[in-house]
Amino acid sequence: AANSKITVGALAFTSHAASFVAFERGYFAEAGLDVEFKFFQAAQPMAVAIASGDADYAVTAISGGLISLAEKGATKVIGGALSEEKGIDGQKILVSDAAFKAGVTTPKALDGKAWGVTQAGSSFHYMGAKIAAAEGISLKYTPLQKTGAVIGALKSGQIDGWSIVPHIAKPLAKSGAVHIIGDVADYIPNYQVTTVFTSAANAANERAKTQAFLAAFSKGADDFNAALVDKTTSADEAEAMVKLIHKYVYTDREYEKAKPSIVNGAMRINKGAALNMSSVNDQLSWFKSEGLVKDSISMDMLVDGSYVSTT
Amino acid sequence: MHDAPRPVPFRGGGFRPQRLRGVGVAVFVVLILLIEWGTRAGWISSLTLPRPSDVVATLVQLWKSGLFFQHVTPSLTRLAVGSAMGVLAGVAVGVMIGLFSLARAGLVPLVAALFPIPKIALLPLFVIWFGIDEGSKYALIALGTFTPTVVATFGAVDNVDRTLVRMGQSFGLRWWSIVRKIVLPGALPGILSGLRISLSIGIILLVAAEMLGAQYGIGAYILEAGSLYDLERLFAGVVILSSLGVLVSWLIAQLEKRLLIWRS
Amino acid sequence: MAHPTILGAGMDLKIEQLSHSYDTVNVLSDISLQVPSGQIMCVVGPSGCGKSTLLRMIGGLERPSAGQVLQSGDVPPDCLNPLTFVFQDFALLPWRSVAGNIELVLEDHPLDGAARAARVADVLARTNLSDFAKALPRQLSGGMKQRVAIARAMAVHPAVMLMDEPLSALDAQTRELLIDDLVGLWMRAPFTAVYVTHNLAEAVRLGHQIVVLSRRPGRVREVMHLSTPLDQRSMADPGLQAAQERLWALMRDEALAADKELAHA
Amino acid sequence: MHDAPRPVPFRGGGFRPQRLRGVGVAVFVVLILLIEWGTRAGWISSLTLPRPSDVVATLVQLWKSGLFFQHVTPSLTRLAVGSAMGVLAGVAVGVMIGLFSLARAGLVPLVAALFPIPKIALLPLFVIWFGIDEGSKYALIALGTFTPTVVATFGAVDNVDRTLVRMGQSFGLRWWSIVRKIVLPGALPGILSGLRISLSIGIILLVAAEMLGAQYGIGAYILEAGSLYDLERLFAGVVILSSLGVLVSWLIAQLEKRLLIWRS
Amino acid sequence: MAHPTILGAGMDLKIEQLSHSYDTVNVLSDISLQVPSGQIMCVVGPSGCGKSTLLRMIGGLERPSAGQVLQSGDVPPDCLNPLTFVFQDFALLPWRSVAGNIELVLEDHPLDGAARAARVADVLARTNLSDFAKALPRQLSGGMKQRVAIARAMAVHPAVMLMDEPLSALDAQTRELLIDDLVGLWMRAPFTAVYVTHNLAEAVRLGHQIVVLSRRPGRVREVMHLSTPLDQRSMADPGLQAAQERLWALMRDEALAADKELAHA
């Protein structure tokens, strides 16, 4: 696959760092891929863009939209990216100050409270549902479309609870407007948060290109994990990594201000883009049980497991 | 060299649209059948359009499960309350602008500046101002219907025949009598045709209004379907909104027939 | 039911050195006239010479730049609106019935319901409109609409009727019919009127005095007095024909010039 | 008992709006000063409204950094291309509906059904149909401007004085001459005033269009500011859109002055 | 430049047992008439009796339900539109200048630019409009607009002019001026015309024959022939006055009845 042009969809989040690293350090070029990034505001349009052929590869959470598109034969999950892992700072459960003062200090106390989600079938919805199931409580899901709106609603006490990646959760908690009352990892162990996916056509017909992409992506992930997750590299290397990521993430902030957010936001990206099939299966079952996607969809339709190691 | 008498050739007619009943329905039917065929035969991919029969099935399902009313009722309430607020305020402000030079000079530029502001852009603010519940939804629809109503109303007041006003003055009618008995009834046709536009905008804004914190409502239903890329439900919702628009416009036509029998 | 009082009893109008300009356009210049009670004064003049403006000033709808309009004599107690207009385009409210249009001008006055209904019925009867009380304006021909407007004007028992080309929106035959109606009304109860028109035939049929205005700025060029009683004036009366020819001779050139004028682009 | 002569009382005037220059500007200035004072004094919380001076500073900053044009240029391009497509198609379809009974019977109900469909609801579909790049943005704005243009155009064609058409026929003018020389110029005023509405809607739709995969553009700028709850930038963007709306409406007024000098 | 041919040379019109209904409304019933070449036929009748409908049928703008309109005789070769209308409301394109409005009706014919310009200049000169060639309709008074419309009609060198109340939108004085113009034009080059009007004075001034229609459904009640040459007819001519009075006597009751008719609500 020499000099194939590909378009990679991305969000300007630290969780997409593996692609940025692979691009900046030339891993994509070495693999013969001429990569162009296409940035999105949210995960959902990215899935649609893969289906429409506007993007070739992307990394994002499994959403109802992604599954529906897979059911229509448009997209395939081909690998795993971000995972929850015990011991590494993962997604946090937040409550508003008002709810906290009213006694919601544990996830169990969220019973009957308003839980913020962007859209039905988003990962926030899944997390809320899993927490509720584990605690035996019920939540009122409030769709707010954008993470910004969820943050606004949480800060002003118009919703009670939410879950979000640590680099957003921690600064919010520090400001005192919200409180962290738990970890998502406690409720959804080995949660496969984000996956690598592509169009069904790419997965079936462009094997070489897809493999090249995954290989370069994994190399980027390894660098990232070493520098910021496992912290096995020198401080200089970590610094260089943060600088590299800062080119894409928090670009509107000065480096000094952006650095802590980037460092805090570092969660493990699976080695070799390995995919946690049982987590994916659990997510799919949940979507089906909620009636968000058609019952007829199977794991085979959603996942092409032939590219990476699966567990 | 007198020719034989011959009839005068006909050269009139045309340029007067005839009513052709049934063609409208036929176009819809043909279009739907075409899409049905295309989606079944496969030359319209399932990513592009849903199968019309599936959309109908979804609608039937929605109706049977009782969810139809669960979605339509809050939407109608929001539309009714929001546009009632917007239209009433709009008519009041429009009449003021029509009657008082000071109101006109002060408010017209403000309304003109307000008009091209996209309401979705203000959603985050509305949440802070009016909360995440019904308040912000009413406010959004009210704001969206307010500006077109103002523009239509003051245009209608301006268009009231000034000789009727002079007539009122020449008979020594009081200012308030002139406003009530001449200006307002005279502006009614313009206000009603403005209402048509305002309510259409209100319906369109339902989706924007239900972006924030609405679990039920046609807009919320459509948004959810969109985020799940569930085309059947998306189109079912669009069909409902579209029918709502046609219904509202029919209702206004009835209202016009009632209130404006005096028009020739 | 007979009309309760003789219309126009006792009110004279006097126009004193009246001039008017709109911005820079001089419209009327030094007009002095007198309208004796119980008589009809016709005003003729070329287009745009300020006839309507003059009438609006007489009726208090516009303020003259200079000069004044004076009324003297007392107004009968049942007169609700001493100076009452009849407009060229009828000025009926299209959303009110014939009776409703007449009631409109009574509603702001302290009349009880019975008195109001009596006045409406009275004027409808006098203008032969009783059968049309419930009709809407859009159902009426132009001639009928103007009859309604005349009935409305009479309902307030005016001291002076101010009529601005009341027949010029009507077709020629209806015009004939309405001239007869007006003559009939005046014969039964003489009213004071200022009657603006373009139509010289109308002027010689209805005017006790005929005021000829010049082109803009309108000045009084001539005041012609006609003594033939109104009911004895006919289309073919040679005296009136001669008067009409004389008026036309006076005005022809100015009418032509007014016609050829380009509107300020 | 003849009274002394007394002047006729004045009872006219009014009901004719006067132009009061400066009041419009004054209202804006007072409003802005009030908000400035309120935000400084603290009785308007910083969550409710940004400080106007900060908004101005943001605008200045935007200008100086050159980002202004980076955002405005793509938005203007989208508005121009999208609404050109929508308006041209709309005028063409509107004229067809105005001229041909069959087109009228078939297309009017379709347009009426299309009108109340909220364009944001169709965003996911638009990506599939037109791609995520400029295509879907143009299409969205084109669709949004299409329906109001159709309605305005066929209304304008219907309102062309039929005696002028009969005159053309009575002189034996060809059908196409009548359309070109009588119907189209006669419909122009109505089409232009429809254009005013269509372009306002186009501006409003910029935000919706730039919801999808736009890095630059006023709509994208506003959306980003909204999601960060950055009120200064949100209002700066809104001010730009609002000015754009006022500008467009002024441009159309100029166009009307040029093209319609023949109107009295 | 003199006009190239005598207008209307050689074309006669014959209306044979013409009847017409709109849906259920019977408008015209069994009309038979003849319009000899070079003469003006005036049609009078009460409102709504079908005069305009009749004229539209003569001009081929509407198809009669029964009967036919026949033309005989040859059309001069430079005649571009044998049957040419002049409308009550002028029907000028407001966006074209005076000259542009006249050019409009020449553009669809194979005339070269010079011939077209010559025709425009010719008719403008004959109607004294040469100075107004560049004016827009909105700048003109009503009388001037109708002169432009007449010039436009003459530009196609019609065989027959069909005039539907051409003066009734004008004020009385302008009407007088235009009657004089029309008489002047006819005297210099006699044209054939069917002239519909409400105005009996106009009819007796312009008509060689005057057709009186009854109320709807319009039937021919009387055809009056006048032999006084057009240029010798004056406002005060006793013979014409008598003719006018006779017409009015014929029509008065029907005019009154037509006026009182309620429009179908």
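Here the chain labels run A, B, C, D and E in written order, and each chain numbers its own residues starting at 1.
Here, contacts are C-beta pairs under 8 Å (C-beta built on N, C-alpha and C of every residue); 3 or more make two chains touch, one makes a residue touch a chain.
Because the structure is predicted, anything quoted here is derived from the model rather than measured.
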| item | value |
| --- | --- |
| Common touching chains of chain E and chain A | B, D |
| Which two chains share the largest set of C-beta contact pairs | B-D |
| Mean-CA-position distance for chain E and chain C (Å) | 32 |
| Inter-chain centre distance, chain B versus chain C - centres from mean C-alpha coordinates, in Å | 47 |
| Distance from chain C to chain A - Cα centre to Cα centre, in angstrom | 85 |
| Intercentroid distance (Cα basis), chain D paired with chain B, Å | 16 |
| In chain D, residues with contacts to at least two other chains | 11-12, 47, 123-124, 128, 166, 169-170, 172, 223, 226-227, 229 |
| Junction residues of chain E, two or more chains touched | 59, 61, 83, 136, 138 |
| Touching two or more other chains - residue numbers and ranges from chain A | 44, 48, 51-52, 65, 148-149, 152, 156 |
| Every chain pair in contact, whichever chains are involved | A-B, A-D, B-C, B-D, B-E, C-D, C-E, D-E |
| Residue numbers on chain D that touch chain A, as the complex places them | 47, 123-124, 127-128, 131-133, 211-213, 215, 223-224, 226-229 |
| Contact footprint of chain C on chain D as seen in their complex | 1-12 |
| Residue ranges of chain C in contact with chain D within the complex | 10, 13-14, 56, 58-63, 68-74, 83 |
| Interface residues, chain B side, partner chain C - complex | 161, 163-164, 166-174, 177, 181-182, 185-186, 261-264 |
| For the chain A and chain B complex, residues of the former touching the latter | 44, 47-48, 51-52, 63-65, 68-69, 72-74, 119-122, 140-145, 148-149, 152-153, 156, 158-159, 292-293 |
